[in-house]
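Note that chain A is present in both complexes that follow, paired respectively with chain B and with chain C.
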Partner chain A sequence: MSKGLKYPLYFLFPAAAIYLTFFIAPTLSSFYYSLTDWHIDVHEVTFIGFENYIRMFSEDVLLLALKNTLLLAVLVTLLQNLFGLLLALALNEKLKLTPILRAVFYMPQIICPLVIGYVFTALLNPEMGLVNMLLRAAGLDFLALDWLSDPDIAFFSIIATEVWRVTGFAMIIYLAGLQTIPSSIIEYAQIDGAGYWSRFRHITFPLIAPAVTINFLLSIINSLKVFEIVLVLTRGGPGYSTEVFNTYIMRHFGQGEYGYSTAVNVVLFFIISVIGLAVLSILRKREVDI
Partner chain B sequence: MRKKTFRALLIAVMCIAAAANGYSQGSQEGSGSDASSESKKPVTLIFARSNDSPLTGIEEIFANFEKETGNSVEIQALPGGNDYETVIKTRFATNDFPDIMWYFPGTAQYDSLRAETNLVNITNEPFISTITDSMRRFQTRDEQIYGFPWGSFDTMGVIYRKDIFEKAGITIPGNYEEFLDACDTLLSMGIVPIVEGGKDGWPVQVFSLAGWETFVDPAIGPEGIAKLNRNEIKLTDIDELRDLYQRQIDLKKAGYLNENWLSTTYDMQQEAIGNGTAAMVIQGQWILPALREKFGDELISNLGMFPIPSDTDRGTAALYPPGQIVIPKNTKNTEAAMELARFMTRPESLEIWYAHNPGIPVYTTVGSDLMPPQQDMADFVASYKSEINIQGRLRAQWPEYDRIMQNVLIKEDADYGVEELSKKYIQDGKNKKIPGFDN
Partner chain C sequence: MNSRKLSRIILETVLVLLAGAVFIPLLLILVNSFKDSREAALLNLALPTKFHLENYAYVIKKGNILRGFGNSILLSSMTVLTISITASMAAFLIQRSKEKIVKGMYYLFVVGLIMPVAIIPTIKLMMGLQVHNTYGGIVLYYTATLLPFSIFVLTGFMRSIPKELDESCLVDGCSYARLFFSIIFPLLKPAIVTVSIIVVLVVWNDFFGPFYLISDSKKWTVTLSIFNFANKFETNWALVFADIIIVISPVIILYIILQKHIIDGMTSGAIKG
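Take a look at the complex of A and B:
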């Protein structure tokens, strides 16, 4: 038994064995398979070096998927945190409806993304969807657009849906952060004559920095891995206009290009790791202790 | 301490002995007479199909099968078009097999599904001899058969409403210019000339697949196809293909397609033709059973069909072979699935199928009444020109062709289409290690 530990080290073995077998080993083997021509239609898997990685540079659709994924990650992260913070600030007040509203805003987070996708597919239907029907009823016919089939708009419809889905999660984290702030600090500031904006800027916001860090980090990682909502709403179309990394990977995997799609997955793994670590190190620096 | 060790060893030995005893009892039971009664226990077979493959009639056949054998069949409808291929290939890769399934036509699929490893070889099944000669040849590769055909030879082309044509004074176009004139007349009458289904993607590719036989085949001939198969010419070298894409773009630019073509699904295409808001749909005959189910025989008798005409004549009919049913061999219900296959190919089952899905049968033991559009095309094929759909004649496939054609219409760029298709075609040949595609 190690010094300071209240249990023997071999207690870790079962968990470590499962982790090694089902996570570390497949991850490491995927690095190897990304260097092969593994394909559903051929029997022999041959080592081909970096050919799959070189091919990526000539795939315009992959570059578009990369651009879309990054744009989605940036916009969803910013909007999720903006709306999440505003909701948290509003619902941190003691109102009659506060508990109900918290549950209502958090609810999309516990609904399966596929279900949300199907609901929004119906809502955004250009002819029979509720959104366009309301717009037409309000005399705003020019705003009744083809939300999911117009290549110029579809991607932003996905972003809006995703923001709606994940905002509740950010709100809960921010609420938890807000409730850790001692009310005495706020009261002192009020006595000193600090207004709402001034209190928020100089007291509240710095003190919820850990919540900001965790929200930004999780939001970026989850947005870079976005998949189900795109799959249900547009399947990456029309054409390739809403293609993201994971729909691209799924399609090539489905076509039996296991070696190539694994290589793309490895690239996504590195992109998420690099961006995640960078965001973490930047945001950690501005955290303060009470 | 010694006592503890001894006790632990004793327990371990007892456990092993108990397990071994249980195993041997289990194997004895398994090899005994109970096994036969076990294997005759009714099973539920999973029949996988793409949700756009014809279903009418199949449920009745399965119900009869259940009555006769006690085995039931659960139909698993999976997303249609290219998504179906994706789902099935992925499931095969993870050894997650349905008991029996519908799949796309042709022996090229034997490669995709790794037939030798994954599928039951049905070459010597008695029902194989009831398949028509041409179809049996189409299902055979290296003298082996792994799938039995299900359906009829379909044709792709222009399905039109006779009443609208009559009202507009339009006759079946004798060449492409007359086809454009017909579109123009319909447009001037405020009728959508052609309903396109861009939302689902795959309907957009039908124009170029049906048009290849009319415009591209005469230009490159059988030798051109052979060269494509050896990768000795590129799709980008074929000007007629670029021209074919441009024709489809021009239809859109001229306003001959429905304005909301990108949000129109295959179902909506059917509605538009059924309700008469559109005069024509460029589709395969597989749309007809669904139209009949939704709108009845009255609509079907009001429909006609013609191939995409060429600049100089009525064009060439594009034949689309029927899909096939295959049986994965590594499932626990393989024998019951084979029993179902034999049941499905009995004359009485085939009669049920063709009664619901009329078409030229691919079995010699059954006849079928053709629907008027099918009769039009059958007459055309008998008296004029026909050719099997280009995708059935190439060894490498055209992955994501639906996406490419969606983009061709969105970008209105024929060059993009030809280049992208060529790239995908060569990559597919290379992936499959087809000779000639290695570099």
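Take a look at the complex of A and C:
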């Protein structure tokens, strides 16, 4: 019987029409626009080949944005997963406070990043901010730095803010993974005399491998798209020291360089696709190995 | 006291301190939103010497908050409506059909989970279609960008609805449309609720989309109104914080009530993948 069923295609039409028109079509046309001189002052858009892409190599700020975006993605991904996993392991110990702590740690994830940017601007204020107040109160005056206006430090302040914002998400995914492990397996290992570290390495970690995969993939992709936090905390400054792809695109969009900023967006698109696919295939392969 | 109990107490203490690191920044905005501008400039956690509720009155009057609220509510509810119908129809066919074109379309949707939006060509497209700066245009943008996630979750959920149900209904002579709308759609309700909550949160919190797509200040969403308000009143933290509290409190209240739904929804897409 089930072979005879022929589900009509029209169920897919509304979703496909909207998706193809408002997501896929702009993406495809961005490849074309990236090859044009499209600009606020230009009446007729003309094809200029790879000029926009060639220009990118001569723009120091773009190369800086590329370096910053990649470094931020790597550091945020590592820290988010390290802290997320540690929190999940702690909460998985079935403490009395687990439900409420879980909710608190996840909370930054539901607040808009823009607001978090303003909150941390206040926290990191060099004279009055709570961070420096606490450091001074603890006698660590030398650590009470100019968090957002020192070009050497501002980038790391952004990373810290972003890690504060996203750690809860990784924690929730790890916690869900940990809860799928039957407690009997852990108990057997305990009876066999396996210590915590050895249980973690040989049992827990391999069993939460799918959660590791998905967490790494999502953190890398999301941090490559970072925007609001940088916009509010530093606007890419001081100078261009914290410029990332999305603030760079915004800057050139604001100057009316539509073709050029579209080309930069295409580069971001390829970086995300390549890194996303690479991370996925590496981690998937390892999942099979263990 | 044995060492196991002791290590538990240490672990709990450390976790509570860490929870403080999450909580204190939010407490900071709350207490300072009630201070006058001089007191708030100190950016500390002390309680206000006098509660300045007029900060809120001022923000509501000057910050265009009510309009922002109206716009955000309108956009998120319209997006929920279009997503629930289009995504569940698509998920129904995707999970049931074995046709190549359907599978191909599903992969195209899944790719959209990762891809960044080509925002500048989207503006051009909207202008070309005469939907730029209209509510409808923004709803279509949100629907398009949130369809991948919604279809992914709903298709996963469709697997738990037995195919025998379709067969018996069709044998009884009902049409596919009737099968979907009177049997499948109601059964999808738990997943649609989850998806809808996430859609509301995403639309409410989104800044990137409206920042590029809405130039008409009458249609600004809450995030755009915060951004513009903060740019104007940069030096007055009390007002900026009052503005922020007004905008995030609905989300926090929603989170307190629907915490389990929200966490499950955010993770359901991720884990089943």
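By definition in this document, the second predicted complex is superposed on the first by the 280 of 290 C-alpha atoms of A that agree within 3 Å, B and C clash if a C-alpha of one lies under 4 Å from a C-alpha of the other, contacts with A are read in each partner's own complex, and residues count from 1 in each chain.
Keep in mind that, in the parts below, contacts are C-beta pairs under 8 Å (C-beta built on N, C-alpha and C of every residue); 3 or more make two chains touch, one makes a residue touch a chain.
Values in this document were obtained by computation on a predicted structure and should not be read as measured data.
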Check whether A:F216 is in contact with chain B, with chain C, with both or with neither, and answer first, second, both or neither.
-> neither
Touched partner set for A:Y258, first chain B, second chain C, both or neither = both
Which of the two partners, first being chain B and second being chain C, lies in contact with A:H39: first, second, both, or neither?
-> first
Would you sort A:Y248 into first (chain B), second (chain C), both or neither based on which partner it touches?
-> neither
If you stack the two complexes on chain A, which partner ends up touching A:F155: first (chain B), second (chain C), both, or neither?
-> neither
Partner chain in contact with A:Y174 - chain B first, chain C second, else both or neither | neither
Identify the partner contact of A:Y240: answer first if only chain B is touched, second if only chain C is, both if each is, neither if none is.
-> first
Of the partners chain B and chain C, which touch A:D146 in the superposed model: first, second, both, neither?
-> first
In the superposed arrangement, does chain B or chain C reach more residues of chain A?
-> C
Overlap of the chain B and chain C footprints on chain A, listed as residue numbers | 125, 253, 258
Would you tell me which residues of chain A are touching chain C in their complex?
-> 1-2, 5, 7-9, 11-12, 14-16, 18-19, 21-27, 29-30, 33, 87, 90-91, 93, 95-97, 101-115, 118-120, 122-123, 125, 128-130, 133, 164, 168-169, 172-173, 176-177, 210-211, 214-215, 218, 221, 224-225, 227-228, 232, 246, 249, 253, 258, 261-262, 265-266, 268-269, 272-273, 276
Given the complex, residues on chain C that touch chain A span 8, 11-12, 14-16, 18-19, 21-26, 28-29, 32, 41-45, 82, 85-87, 89-90, 92-94, 96-97, 99, 101-102, 105, 108-109, 112, 114-122, 124-125, 140-141, 143-145, 147-148, 151, 163, 166-167, 170-171, 176, 180, 201, 204-208, 212, 223, 226-227, 230, 237, 240-241, 244, 247-248, 251-252, 255, 259, 262-263, 266-267, 270-271, 273
Okay, in this complex, where on chain A does chain B touch?
-> 37, 39-43, 125-127, 146, 148-151, 235-241, 250-251, 253-258
Touch list for chain B against partner chain A, complex = 83, 85-87, 89-90, 92-93, 111-112, 114, 198-199, 201, 260, 262-263, 399-400, 403, 406-407, 410-411, 431-433
